[in-house]
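What follows is one structure encoded as structure tokens, with my remarks underneath.
In this document, chain identifiers A, B, C and D correspond to the written order of the chains, with residue numbering beginning at 1 in each.
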Amino acid sequence: MTVRVFVTGGTFDKEYDELTGTLHFEETHLPEMLRRGRCMLDVQVEVLMMIDSLEMKESHRARVVEACRDAAESRLVITHGTDTMVETAQVLSAALLDKTIVLTGAMVPYAFGSSDGLFNLGSALSFVQTLPAGVYIAMNGRYFTADNVEKNRNVGVFEERG
Amino acid sequence: MTVRVFVTGGTFDKEYDELTGTLHFEETHLPEMLRRGRCMLDVQVEVLMMIDSLEMKESHRARVVEACRDAAESRLVITHGTDTMVETAQVLSAALLDKTIVLTGAMVPYAFGSSDGLFNLGSALSFVQTLPAGVYIAMNGRYFTADNVEKNRNVGVFEERG
Amino acid sequence: MTVRVFVTGGTFDKEYDELTGTLHFEETHLPEMLRRGRCMLDVQVEVLMMIDSLEMKESHRARVVEACRDAAESRLVITHGTDTMVETAQVLSAALLDKTIVLTGAMVPYAFGSSDGLFNLGSALSFVQTLPAGVYIAMNGRYFTADNVEKNRNVGVFEERG
Amino acid sequence: MTVRVFVTGGTFDKEYDELTGTLHFEETHLPEMLRRGRCMLDVQVEVLMMIDSLEMKESHRARVVEACRDAAESRLVITHGTDTMVETAQVLSAALLDKTIVLTGAMVPYAFGSSDGLFNLGSALSFVQTLPAGVYIAMNGRYFTADNVEKNRNVGVFEERG
């Protein structure tokens, strides 16, 4: 089984820029994270963009849908900023691709010591192997279907729609 | 859904004892790891023992089977040393418990910076939610059924039986 | 010998706020860092403020001078943002306090895995024990007198004035 | 000013060997640590041996003395296991080299997240720049002269001789 991971950026891949004191993107950490997890699953990593999801426009999400459609693989993971992850999930759901697509991200950059990134990656890569075709979000150790999930911005976790 | 995690020790939970220069066990890191993963799944952590799996005897594995049988939950994760994880999986399989049981561990202690522990925990907690009743090992981003897995000790990864 | 560490904030103590995606201050990490270094020197930690040094006004620096003057100790370390560390060092130098005062900071927050914070703290605490009365900056493994140091903003290191 | 760092191993540089579950030596972490500290001091790193100091024999310590004597630099740091660091310091002291020599080590391997290694390295590199010719141990944020130091094995810290 091959899984393709599409990287779109988000907090997951942010880095601290010591010259400006701000957070920015450099290379994705996905390969390093897969090595750390000693992942023996056949994973193809493809960077689509490196963007904060608050800056995503319709064209960005369309690019994600197109990439998912064109991929040879039927099991896909997408790393994504958590702020508009639900929106991208819904756009993908509407595309009715006959694939298992799992979006995940992180509340704290992987570059930080206290990141949830590695936990979420392990989670998403596992859900994508067992869930039936459909679009899901994997966060906080759980999975949600694209039509029944929202980000609780007060607490910073994902939940079913209230 | 509630998942119970039974802790048995293994490399997963080893710590460096600075006074003796050796590795030993103190408190389990499971609660800290679940917090780091911002896990919102209802997880009950129960420590059965803190032991290197090379030191497990029949009585230890029987204790694990008993705990799995008595648990109210039908979805269980067991953290375990990787050296004899397959043996415990086989003993559990023979017990024919009608539950989804996923064993996992780590090649490098969580206390180390380069540990696979958090990745494996996220992985196991996800597989346990979606796999049907049976006994599995979750390592290296994959899952294996108890009757078809072995640890490749040369490379330090889990594979199907050759 | 007792050393007092005055905390003023700076990148040294910044944290990632996962709800807003920005960097901010919470509690100082100094006590935790001293524990990690297994520091047996008698160190008193006192938080004066938690501020990015770009936001320091004359009144902030005056507060720092006052605290140094009033301290019972004659050996003082000040953790400070690197952007205006030289300015505070010069204001302290002009105060002609008969004490050994060493300012230090970090280019990457201690909360990040790749921080120089712990290295700089060990460095500053050592210089403060051996240098004669005067005001110094300890960064990049070196020490500089307050009248002969500047931050090279292109490279992000401290150097003698060119 | 150039400082030469002689590496002899010790807990400082130990690594976890995931295939055997034991601690062992691979490459020294010194260059990586100097990069993390953004050290701009001119430091030459030379590996003399990679050994647990409990396994040092007279010939090993003689090798260290010889290297210190032959070095072009007059300011030297030696990374060393903490168990017999005092012995090596005393052998060096007896050699009456007219140099500033500072020994340091770590109670927890640098490879672990909770290591004192980086703190001690910053400390030693600072003491070596300011202390007069002599042999010293830099541990726990303090410095000790070779003739007045011992390791308190109950607590795992260095102190003056009681």
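As a working rule, contacts are C-beta pairs under 8 Å (C-beta built on N, C-alpha and C of every residue); 3 or more make two chains touch, one makes a residue touch a chain.
Since we're looking at a predicted model, the values are computed, not measured.
Any chain bridging chain B and chain D, meaning touching each of them, is missing here; the list is empty. Matching residue numbers shows that A-C is the pair in A-B, A-C or C-D whose interface repeats B-D, with more than half of the contact pairs in common. Computed from the mean C-alpha positions, the centre of chain A lies at a distance of 26 Å from the centre of chain B. In this assembly, the C-alpha centroid of chain A lies 44 Å from the C-alpha centroid of chain D. Chain A and chain C have centres, each the mean of its CA atoms, that are 38 Å apart. Annotation for chain D: residues touching 2 or more other chains are 107, 113-114, 156. Taken as a contact graph, with one node per protein chain and an edge wherever two chains touch, the assembly forms a single closed ring in which every chain touches exactly two others. Inter-chain contacts, as defined above, occur between A-B, A-C, B-D, C-D.
Residues 33-34, 36-41, 43, 107, 114-116, 118-127, 129-131, 138-143, 156-159 of chain B are the ones that touch chain A when the two sit in their complex. By the touch rule above, chain C contacts chain A in their complex via residues 11, 16, 18-19, 21, 23, 52, 83, 107-109, 111-114, 153-154, 156.
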